[in-house]
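Letters A, B, C and D mark the chains in the order given here, with residues in each chain numbered from 1 onward.
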Amino acid sequence: MIEKFLNILILFFFPFLFIGIINRVKAFWGGRKGQPIFQSFFDFVKLLKKGQVISKNSSLIFQITPTIYLVTVILAGLIVPMVNYQNIFSFDGDFLIFAYILAFGRFFMILSAMDTSSSFSGMGASREATYSALIEPVFLVILSSIGFLSDQISFKGILTTLQQNNIISVLLISLCVVAFSIIMITECKRVPVDDPNTHLELTMIHEVMILDNSGPDLGFILYGSYIKLIVLSSIIANLILPANLAFWIALCLFLLILILIAVAIGCIESIFARLRLIRVPQFILLITSIAILVLSIIQFSIFGGLK
Amino acid sequence: MIDLFNLLIILIGSSMLYVSFTYRLEEYIKTLSIQGFLFFLIILLDFDKIEILNFIFLIIETLIFKTIIIPVFLSKILRKNHINREIEPYIPNYYSVIIATLVLAFGFFISYWSNDEFQNIRPLFFGISISIIINSFIIIITRKKIITHVIGYMFLENGIFLLSLSIAAEMPIIVNLGMLLDIFVGIFLLGIFVNKISSTFEELNIDKLTTLKD
Amino acid sequence: MEIFFIGLLIIFCGFILSIFFSEKIKIYIVLFFSLIGIVLTIILPINVILSGKSLNFNLNLNYPIGLASFEIDLLSAFFIVIICMIGFFNIVYNIGYLKEMIKKNISSQNYLFFYGILYLSMILIVCTKNAIIFLILWEIMALSSFFIITLNSENKKSYMSGIVYLIAMHISFIFLSGAFIVLASKSGSFSFDSFKNVFKNDQFLTNILFILFFIGFAIKAEFAPFHYWFPKVYPIAHCGTLSLISSIMIKIGIYGLLRIILLVQMPSIFISYFVLFISLFSCGYGIIYSLMQKNIKNFLTYSSVENIGIIGTGIGIGMLGLSYQNTIISLLGFAGALFHILNHSIFKSILFFGLGNIILKTEHEEIESLGGLTKKMRTTSILFLIGCISVCALPPFNGFISEFIIYNALLNGMKINQNLISIASILSIGVLSFIGSLAIIGFTMLYSVIFLGNPRTIYKEEIKEVNILMLVPMFANVFFVLFIGLFPQFVFSFITRISLSFMSVHSLPLMSYANFVNLLKNISFINIIFLVSFLAIFLIRNIILLNKPIYKYKTWDCGYQGTSLKLQYTAFSFISPFLELIKQFIPLKIIFDKPKGLFPKQSNFGVRIRDFFDYYIVRPFSKFMLFLMNLFSWIQTGNMQLYLLYGLIFLFVAIVVIVGVK
Amino acid sequence: MIIAILFIFPILSSAFLFFFKNKQLNVVLTAIYSLIYLSIVMFLVFKPQQFTEFLKVDSLNVIFLLILAILQFGISIYNIDFLTHSQVSIRDHTLYSIFYQFFVMAMTGIILSTHFGLLWVFIEATTLITLYLINFNKTKESLEASWKYIFICSIGISLAFVGIIFLSIGNFNINSLFFEDIYKNYKNINPFWLKLSFLFILIGFGTKMGLAPVHSWLPDAHSEAPSPISAMLSGALLNGSFLGILRIFKVMRLCNLDVFAKILLLIMGFLSLLVAASFIVKITNYKRMLAYSSIENMGIIAIGIGLGGVGLYASFLHLISHSLTKASFFLTAGNVLHTFHTKETNKITGILKTDRYTGFLWIFSFFAIIGLPPFPIFISEFLILKEMIFTKNIILFIIFVILLTIIIFGLGKSVLKMVFGEKNEHIEKYKNSFWVYLPQTLFLIILVIIGLYIPNFLHKMIENAVNSL
């Protein structure tokens, strides 16, 4: 029960800290002092207090989308296991509904971008749609391949399967971590796929879709995307975490890993430049090969007698 | 007696050679008439085998229709339409002769070859009539004038008549009647048709009759 | 059983009467009669589903048919219920459509009569048990659907589409009749029951026959390589027709497939993989091509190919379960397939109804020329959106439920410790989710280009909402979408009962059954939470915004001050990032007149996309056939002498053979 | 004695008509004849009887008689309007009626005759009688068509006569050409001569029946004849020659030579299908297209006989259905021709919008001819397919269905193009009289009834015919 409570706590409040850490790391690399660590929270509250500017062209879709996006991300966060591998809703095939609920949010984001009838938002929408189409199958294939290893088909079961017992597991874990990192970077539109800081509309994906949102709606969307970072990072964290740890150790390790991920994101964003747009699909397609590699390793390890 | 029979049959067959050799349509008609007369002779020779009523019919058919009426009728058409020769057949006449000769030989060959199948008729009847049929087919196919086709058709009928003579003894009279009717009405209509076609198409050439095609 | 036929008779009477009355009266006659008839017809099938006992009816017919037996078993009952329910909505919609036509003074040309024939033939097909009657009804179905497709068409090319349709149906018929006749030659009878033994005894023959059957049914059901006909046929029909065809008629093909599987009982592994492979292929093919369509009708029909593929995947995994003798998988597979049949017919109806409304009002079919309709046709746009979400298999609507069951079947299929099936299941999961996300691309594109933003052309007249008769069926279908999406467990229990009839073992381990019901309860719970929390947060948002200033201003254009309708993102540019990835595999024709000279006047850019199979296989094949036929076309030269020569040659050859052979 | 009326009536009435020369009288007498004919045949169907030694109703020809009766009844109805409306002289009108009645009479002769010679004479008689009817329009084309018709058919008939001579050579010991005598003494027939005879009769009568490769007159004659006559030719004349082939086929069967006969029939049948298919796909004249379709259907009938077994039943069913369907098709073609004044497929669009009822008749006749249920050609073709698989002729099955598909494509392309589409602007909305729709509707209704439920008496009739073969 306490895990569930902690989960909700982390889900709702950790994102601001997470973003703060990233910003701080980036400031460190840039030789700046950086903004306060909870600056994103303050921004969020400020946005909630503001009024709105709405495009004349838009319709109801434009107004409900931010809410839907936030709800889907939160719901996805309730499904994904966090502290001590516990998730709030757990059943067979729950990772499917996880993926599909995120997709629901994306669906409305795209519609909302198109709703403004701005050609820039349309660009972002079409890129968003294409890139996520490339990662979703990989996400499911990797998860179900791991599930195949242990006959587990729930999120929790799948993530606890891989332990650093033998060389194969370590190999698989590292492959999966790479894969999920790419998924996370793509889904949350971080460097090198997208740069949240630039404002050159032609090359952006996520930011350009929300050009016309303002006030509480913009706040919802930003908050939602922060939560999404946490949600996807906790999958990676749970992949790395060994099973059967004591509760407190598990909690601490989990938070530590999250913070490490934040630091890593900060470092990457400081060191690397954004990829050229033509290269992005190739970068994303990298995970397809990782997924196939994972699948073949698992098949080989089971039917080749390596288990 | 048999020799005479065979001689007559061979004569009929050979007359086809002449037909395939000549250009003049008058000669075609003459041959037709001669063939009719030869048929008459064959029937005379067969007198004892055929019952009397049938015999009379055959005499009338061969002597009057085949020898006189039809040739006269045809030559009348010729004169009326001012046709006298067959120009430019599809293949030159010397080839026609060669083919006709081969076909005639083939007829002999068939008669010889299937000799054992003939229990009741003279082998030569079969072979020669087949050769006449084929030869008249060839005439129809190679010549261009419509009137030649009609004459060719008459030769075809003659070939069939020759064949039917081989079993004249057994054939019921009604068939002869039918045949007579057929030839009469056929020629009548064909003749009228030739007139009609010539008045519609100006020239009695088969080349004009190829508008209906796909 | 009598009441069932009485119901059919009443429906039939209604449609027959429609011939004799004037346009205005007949629609109400049909509505009235079909309402009564459908209520009577649907009673027994529902009873069958509830009680699980099948009903028989035998009829002794004359020579070529013999004993005509009709049976409503669980499978038939399921299909009858779908046909009756969704079909009734279709009738209502079409009547609304005809009402609009009457306003425009366009005659309906006995449309309703053929509609009725189609309707009845579909109901009878699913309950017949005799192959000859099956084939007759199959052809009658093709015939009547031909009429409803072509009769009201304003399209000048409609005859070509008609002939393509006829040929496709004929080819399907040939495959089916060939297979049925071979079966009959082995079993000595045309009754379905007698086929079981043939299937049981000869494995090799079963495989071949199954493939023949599959092709025959697949042509009707639009499985991918056999779908070549519909992109040519559908654009000429109006959407009321298409919704009946796409949401129900093509399912009759699936019914046939399921019926054959019922008879085969124990499909071999080979054909199970065959079905699975073709289905996955048709999923991918359908959705990729649907993205690229310019005609919105074709967009939806290609999406039907995708959905049929999903159904087929369910069937394939169910068959694999049968061949590996794993009850749970086959139960889930077939249940998923059946569920998706139901769901697809519901949401495809909504989508086609919506399209029908749009096309009726705007008179545009090209996707690029629409836009901004949501402000003009508010109800339609909301209902259509629900359809779109559902067809993308997104929670909390019904499309997700059936896909979730199929996913679960695949996940369970993974558990069979066999190299092949585990790889197959995992890859299937990948493919399914891939096409799921492609569907999102497609349907967001469709919806946003049609409804959102501003119009891309100037419409002829002021666009208004359609009449109520055309909206009611949409509402009814949306109700089902929501109901199934939020409470799937109730429907699921009936569907498992039907899918159990595919297994020789009729009792399922109670444990696992309860597991699945619980699973669906979880889904239902999450969906409800989703809806509730959305409403709550939206409420909060509105409360926050209550006293805040809200400005309406033009869309931020990054400083660029030109405003033109054409500056909006188009459908083609929307999919072009994806198209860029796959364009090597697609026969594209790019038409590009570059602007020339110093002062370029006119330039042109266009893309024409051709169907792969149509372009590379069907067209060359038919050209080859025509070429072959052309080889003989010198025969009829018009020269009579040549004609005689043919006869002579034939005679001569025959004589030589006779004399020579003796 | 009742049969005598069938022969005496047309002679008397044509003599009568010839002297009076009145259009109304022509139509009325023709209609009366057809009505009398129909009622007598209905009587004969249920109570077969013998007229003379030479004319007899037996279990085989009763089907043909029935078809002829129904067909000519419908066509007489059609003639009522067809002739009064078109601008023909009284003389032509009278001659048309006279020849029409004679044609029916000669057809009756073919069907009822019990003797090979008589059969042959009647077939030749139909050739001569129809000559006038085919040349009725007296255009260049019709003249050419009738010339080809008479010439090719005469040669064909002569070949058939050769066949009959061979038969009489072969049955030297029997010395009779009555069917019954030949069937009784089949053991005495020399197989060599019988084979030759069958070949010649097949080619001879096959010419008249329209089997490839001796079909070539058929498209020309059918397209140039007036539509009711095309319907008669296609629906009745072709059948008559088929009956002749069946008569000799039975001899072959008795003498255990049916394998040979069947192979020949199959070859000719498939050749017919091939020819029909290769022309139907590219044809631009719809009446010629229908003629090719007749060739196709005759091919199917020959194939049915060639397959044997259920194929025989299918052939008879196909015969009945084809006659009615094709008659309806040709009569509707007459309507179309009357409305649009052209035989070119390309120039006609939107029949449905110009003359709705004709449009529906046209398209339903099309569906009937390509064998969609509820029309009986579906059943007959299905049975033929069945027989092919039952006798393990998979290759034949494949060729058959491919050719049929091509034919459906070709027919459909033209027919649907004519039916749908925009209305031709310069053609006024034409309202035909009731009489030109009635016969087609009648035929189609009969067909639907047969297609859905073959009546018992018909079933028995066909079975008797099959058994008598």
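Please note the rule applied: a residue touches a chain if its C-beta (ideal position, glycine included) is under 8 Å from a C-beta of that chain, and two chains touch if they have at least 3 such contacts.
Keep in mind the model is a prediction, meaning the values are calculated, not measured.
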{"item": "Separation of chain B from chain A in steps, with touching chains one step apart", "value": "2"}
{"item": "Innermost chain, taking as reference the mean of every protein Cα atom displayed", "value": "C"}
{"item": "Between B-C and B-D, the pair joined by more C-beta contacts", "value": "B-D"}
{"item": "Reference chain D; chain at largest CA-centroid distance", "value": "A"}
{"item": "Centre-to-centre distance between chain D and chain A (centres being mean Cα positions), rounded to whole Å", "value": "78"}
{"item": "Separation of chain B from chain D, taking each centre as the mean of its C-alpha atoms, in whole Å", "value": "32"}
{"item": "Centre-of-Cα separation between chain C and chain B, whole angstrom", "value": "69"}
{"item": "Centre distance in Å when chain C and chain D are each reduced to the mean of their C-alpha atoms", "value": "43"}
{"item": "Residues of chain C whose C-beta touches two or more other chains", "value": "633, 636, 640, 644"}
{"item": "Per-residue multi-chain contacts in chain A, two or more chains", "value": "none"}
{"item": "Numbers and ranges of chain D residues touching at least 2 other chains", "value": "147-148, 151, 155, 192, 219, 279, 282"}
{"item": "Pairwise touch network: line, ring, star, complete, or other", "value": "other"}
{"item": "Residues of chain B touching chain D in the complex", "value": "114, 117, 119-121, 133, 140, 146, 149, 153, 156-157, 160, 163-164, 166-167, 170-172, 174-175, 178-179, 181-182, 185-186, 189-190, 193, 196-197, 200-201, 209, 211-212, 214"}
{"item": "For the chain C and chain B complex, residues of the former touching the latter", "value": "633, 636-642, 644-645, 648, 652, 659"}
{"item": "Touch list for chain B against partner chain C, complex", "value": "90, 110, 113-114, 134, 137, 140-142, 206, 209-214"}
{"item": "Contact set on chain D toward chain B in their complex", "value": "115, 117-118, 120-121, 124, 128, 131, 140-141, 143-148, 150-151, 154-155, 157-158, 161-162, 164-165, 168-169, 172, 175-177, 190, 192-193, 219-220, 223-224, 279, 282-283, 288"}
{"item": "Parts of chain A lying in touch with chain C, wherever the complex brings them together", "value": "48, 50-61, 64, 66-68, 70-72, 74-75, 79, 89, 91-94, 96-97, 99-101, 103-104, 106-107, 110-111, 114-123, 125-127, 129-130, 132-134, 136-141, 144-145, 147-148, 151, 153, 201, 211-212, 215-217, 220, 281, 291, 295, 299, 302-303"}
